[in-house]
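Each structure below is given as structure tokens.
Here come two complexes built around chain A, the first alongside chain B, the second alongside chain C.
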Partner chain A sequence: MVSYLVQRFASLLLVMLVVTMLIFGLMHAVPGGPFDQTQQPLPAFAMANIMHKYGLDQPIWRQYLNWLWALLHGDLGIPFEQPTMTVTGLIAKAWPITLVVGGITIVVAYVLGVVMGCVSALRHNTWLDWLLTSAVSTAGIALPNYVVGFLLIDIFAVRLGWLPTGGWGEPRDVILPVIAFALYPMALTARYTRASTLEVTYADYVRMGRARGLSERRITSRYILRTALIPLITIMGPNIPNILTGSIFIEATFALPGLGSYFTTASLHRDYPLILALVLIVAVLWGTCYILSDIAYTIVDPRVRLEGLSQ
Partner chain B sequence: MNDGTMNDRTMNHGTMNEQGDKRLHGLPNLSRRGFVLAGGSTALGLALAACGGSKEPTTATSPAPSQSPATGSGTKTSARKTSAPTQKNALGLALPAGAAPASDQFYVTPFDSTGASYKAMDFYESVYSRAPLADQFDIPLVRLDKNYGIVPGAAKSWEQSADKTSWTFHLNPGIMWSDGKELTAADYVETLRYSADPKHGWDFTWYWSGVIKNYTEAVAGKSPLDTIGVKQGKDKYTLVIETEGPIAYVPYACLYTTPLSAAALHKYGSGTYNINPATCVSCGPYTLKTFDPTAHVVLAANTKYSGPYPAPIDQQIGKIYAGGDMLPRFETGEIDEINVSPLDLKLAKKSSQMKGLHLYKNPNDFEIWYTFFDCSKPPFDKLEVRQAFAHCVNRDALVNSLLEPLAIPAYGYLMPGYPFAVTDPLKPLTNYDPDKARSLLKAAGYPKGQGFPKVKFNWWANAVSKSEAVVQALTQDWNKQLGVGIELQELDKTTFYANMNAKPTKIQMGYVSYGMDYFDASNMLGVYKSGGRHNWNDADYDKLLAQGAAESNQKKRQAIYTKAQVLLTKQAPAAFIVHLLYGYYYQPYIQGSALAKNKDGYDGIQWPGFGAMSDSLQHLYVADSVASSKRQSESNLLG
Partner chain C sequence: MTAIAPDSTAGRSSSSFWHAAWYRYRRNRLALISGAIAVLILLVAALARVIAPYGYAAQDLSASLADPSWQHLLGTDELGRDMLSRAIYGAQTSMSIAIGAPLLGALLGLPIGIISGWVGGWTDYFTLRAFEVFTMVPQILMALLLIALFGSGVGKLVLFLGITAWVGFARLARAQLISLRDRDFVQAARSLGVPTWRIVIIHVLPNALGPIVVFFVQQIPATIFAAAGFSFLGLGVQDPLADWGQMINDGEQFLPLKPLVALLPIFCIAVATLSFSFAGDGLRDALDPTSR
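Entry: the complex of A and B
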């Protein structure tokens, strides 16, 4: 197991190196630089002064090596968007907000999604199944989260005055963003859970259990749900990095000063140090989540463990 | 200059970290059970709201009184009878009758940080990366009143030398910085030298290049900083600005002479000392209280203020939002003013809380949106082609169908009301006349558009100007009426400006805006100077601009600038499309003569906004009706 993990994490490091090289090359290939948004073109000497100040007058390969060397020393650079901060400081300030909202969203979405999916499957073809599957799940998948966000603000903040329109600082600030953010992963989880549960419900070993006279409760909890939830690892795992890195729509709609908006603004600003840092975060999260998903499979499914690790 | 990118943020690391920690500590208090209960109640509320339709807020609030545009809110307030004793604010200034107590004298302005970069609080540290509420810690030499007239700032008077190559400004003595030092000519001298320092890499050096003597050479590192033409005169209260030649508009340009403290500049090495409350040095009515570029900037009253222009508002709060919809924030009392787009206007008219409010309109920075052409290459190197496109713009229909009431048709580069702007002589040169456009295109060798090359029309998305809808309408008309094949291509803003500013330009035709930097025709018309923003070069035009800049007589200047506008419109290096107006709503309790109509009939806070460069600071206050409003408390707003 240890050598397997070492191998996987080593390959992840290699992937990150390649990804940063690609991104570095791509972002410099795109037209425009971080100081090109001025309405009047800057005189050449003024622009040269600014480029020199930020080290952008050096060859690209040297800029990359400088960045890599600084990274190895724990320095991610200075973001052009917020030049009074460090990239590390900016992420340390913004990401916790995204993590709190994302973390609660994951819990809410996955718990409710699994419960809804199970209830739908166990009561399939009833009005409850129709309500949960057709109405809630379909709406959750079809409605963009910013539309839901605007509706929630209009109802609960503007009309009812129960909750704030957005912002950050009080526990109640997370309620509307989490509802809007959780709707899609909850709906997705519910639909997959329902399908998976239904499939298992008619499996031979379940029918065998019934024939043996086992109680319905035991069949459901021990035979159906335990097996049905295994495929959900495939759905849930990869969604986690998406949620934990925030949503520009949710954060903009609810004025959350999280990390999500920087994924867009860093690109629009050609904020090279911030782009690279965000890419690193995403690469690490995705790589780690896939590794953890694989490990989770080996734990919950003995067949995967035997085949995977023995090889 | 103002295209919405000038908002900005900078910060005090200590303050930000403390606030971040404090905020996060609150979250674990939301237990899972609590969350479920809250979720349940919201679900119940959703169901009730769905059943009940548009339920009014349950909090007890009085309906918002509508404000009369004709009388202005200041008149309305002064007519109110009140028995309250005279109240004073933190600066000891007597508040107007009907004003709220000093504790309510704060003003909340929203800022959208999307696409913004916040690193300074001062113009001379960075122009394009200034934070919300910047330039409040100083007094420029001159200020503007609501009629765009120059009024004294730190300077009480000024005059041009007999040979017209320098201007002398006489400062008010006794204006003190908060560190106990006096504001003198040295502060202006050191600030302007700092701006020219190549090591500083200031992003607005073009502004003084060609104006202040030796400034261009200093920025290029070819001349020492102390050789630029900004010097102390006969005493420390006299500032002399030497110019590259006779330049009449220097006092107008001096609106942007917001000084840093020379002593602080020497001590800290840059102007970033003003983003830290502990090191902020101010001679304005405010000082820095909090600097958190991801959440808010707060300015508190500078209790050491000794200048001549105290403000009734004690505290300013710049609420920073990373996008989102501002209307609900205004409706729920989070913010005191809102700048609305045409779409917002439609929604506001349906809102029970906003439909009674008066819409304030003004030109802000006299912004024009226009379609420029690459005049150096076919097909736009032919005058007739450019004129054909200019004659094929149905400006009135565009405004009426897409932008009304927040725009007016643009027949010239200068918006009516801007100094030396003319309209009537220009209309025949650019009016909507498809037949004439077709005949011009035929004369250029493209009858009915035959043989006209494929042209890409670049644009970038801007919600306020509805750029997407406008470029689609323009393209449809050109293709239909002229038989040409214009293809639209959207670019992100950075790419657009990089391609436009490239030498040679990489854009064949593009839709772009420009807003004034200072209130004189030399500024806006200077955009089309040879070697400037676009590649249309005309020696006669340059000559007229040089004459206009040097001429002191206003009548002669008008004649010169009229000729320049006629020449520019006739040569059609661009098709001028619309001049934008800015729409504002203010909460009913925000009152004062700063909101009343000006000589041109425009109301609301006029350019350059609620700050030290304008006299509006002195003429706005919070009325006592705030007590019955749903305005959020200061502690609620700041978290």
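Entry: the complex of A and C
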């Protein structure tokens, strides 16, 4: 297990290095620089000064090494868009908002999704199953989350006036974005949970448990659900980093000043340090979730053992 | 089901497999209806020029935001363009992207996955790392940089979304190849001296086709969403070309006053997504009887 984790960690670092190189190359290949101004072009010498200040006059491999070196010292650089701040400061300001919305979304989506999936599987082919599976799960996968957002705003903010159309500050500002954001993962989780629970419900060892006269509750909690929830790790793992780094669609629709919008503005404005910082955040989160879900497997499923590259 | 092995009957047994799958699919009413609607959408998309009463760019500014009438069955948009015609041409654009991108992803990903699953060893190790690289890169960021580099348009959107879609196909093909590689019928073919390429194409691939077809159909709704996302950011299909995602964007502001302008493309996306999703589920159940 330890040797597996060490190997996994090492290969993830390698992968992250390649990812940053790829993005670094790609963003420098894009024509136009961060300081191209259309309205008032700077004189050549001033431009040269700025380029020199940010090290943009050096060869590209040199710039990459500079960035890597600064990163190892915990310095992510200065965002070209807001030169009075640091990238770290900018992220520290915007990310908490995204984390609040994302965190609530994860809890709502996965808890409700699992509950709905279990209930509809255990009440298979009843009206409740029908309502949960067809109505709720179907509504969740039918439309992109921002379109759900448009509809929610139109109904609950514009027509009914119960909730704000967007913005950030009060606790109730969270409600609509979370609904719009959580609907899709919730529907997906519910569908997967239902399918995997149904599969287990008719397994031989469950029938065996019944034959031994175990109580229905014990069979459900210890025999059915424990096995049925294992595959969920596979769906949740890769989705959590996405939700925690925010969605530009949700944040733009509900005017949330979170991290998501920087994914677009940074690349539109060629804000190299900010782009790399965002890539890094996603990569680190993704790697962490990957390793955590591997470990989670060994805990919930005793058949899984993590081994190093020996075969 | 797993015992379809002997070499000489491979062709016949695989056709009976598809027959049995079609039989199972037909009995699933939701899947059958969804499949029919999906085919209908594809037909409408292909025949847009014939069906649509007006051109997608034909403006009549005097009839801006008109209510439904005999002249414009579903009303007009802000620029007085016939909504029904735009929805029909929108099907053409949206479906070209939604089918084209997974197709490109399959063309790129399947060979990579097949090679890595079959060869194994270091080839496999590096392919797995490549999967991780592509999964780690934020899709939006990557696509934005590519759009900045190459510009946008229907063909280019297919290209960008296809490039990000290859990983899923490669992963799937790899998993299939690994599970089939050591089966008895492959061993048998190998011991008879059948060349490797022949084993892969004639003996292994037909057995892996089911999951690949299912995955392909499941990618269609995901691609519709992704393409709509580009329209949302203003980087997708450009006016006057009609696209559902872009129509939602343009119509969203009229939601309180002229809801139909926004609700029509929303309805189109919902119907398309759901019919392809349910058809995909039905295919999965039909092609893999052990899954539920």
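A few points about this structure:
The rule is short, and it goes like this: the second predicted complex is superposed on the first by the 281 of 311 C-alpha atoms of A that agree within 3 Å, B and C clash if a C-alpha of one lies under 4 Å from a C-alpha of the other, contacts with A are read in each partner's own complex, and residues count from 1 in each chain.
Please note the rule applied: a residue touches a chain if its C-beta (ideal position, glycine included) is under 8 Å from a C-beta of that chain, and two chains touch if they have at least 3 such contacts.
Note that the coordinates shown come from a computational prediction; the quantities given were computed from them, not determined experimentally.
Looking at the shared chain after the overlay, A:Ile141 reaches chain C, while chain B stays out of its contact range. Using the contact criterion defined above for the overlaid structures, shared-chain residue A:Tyr64 touches neither chain B nor chain C, since it reaches no partner.
Once chain A of one complex is fitted onto chain A of the other, the partner contacts of A:Phe24 are absent, as it touches neither chain B nor chain C. Contacts of A:Ile50 after superposition: chain B is touched, whereas chain C is not reached. Of the two partner chains placed around the shared chain by superposition, neither chain B nor chain C is touched by A:Phe181.
In the superposed pair of complexes, A:Pro171 makes contact with chain B only, with no contact to chain C. Ranked by how many residues of chain A each touches, chain B and chain C are led by B. When both complexes are overlaid on chain A, the residue A:Ser11 reaches chain C alone and has no touch with chain B. With both structures placed on the common chain, the touch criterion links A:Thr84 to chain B but leaves chain C unconnected. With both structures placed on the common chain, the touch criterion links A:Tyr272 to neither chain B nor chain C.
Applying the stated touch rule to the two superposed structures, the overlap between the chain B and chain C interfaces on chain A comprises residues 30-32, 150, 154, 158-159, 248, 252, 268.
Residues 1, 3, 5, 9-11, 13, 16-17, 20, 22-24, 26-27, 29-30, 34-35, 38-39, 41-42, 45-46, 49, 54-59, 114-115, 117-119, 128-129, 198-203, 205-206, 209, 216, 219-221, 272, 275, 293-295, 320-325, 328-329, 331-332, 334, 353, 492-495, 497-499, 501, 503, 506, 514-515, 527, 532-533, 630, 639 of chain B are the ones that touch chain A when the two sit in their complex.
The residues of chain A lying in touch with chain C in their complex are 11-12, 14-16, 18-19, 22-23, 26-27, 29-32, 138, 141-144, 146-147, 150-151, 154, 158-159, 195, 198-199, 238, 245, 248-249, 252, 263-264, 266-268, 275, 278-279, 282-283, 286-287, 309.
Across the complex, chain A meets chain B through its residues 30-33, 35-43, 45-46, 49-50, 52-53, 80-85, 89, 93-94, 96-97, 100, 104, 108, 150, 152-172, 174-176, 179, 248, 251-257, 261, 265, 268-270. Listed in rising order, the residues of chain C touching chain A in the complex are 125, 129, 132-133, 135-138, 140-142, 144-146, 148-149, 221, 225, 228-229, 232-233, 245, 248, 252, 255-256, 259, 262, 266, 269-270, 273-274, 277, 291-292.
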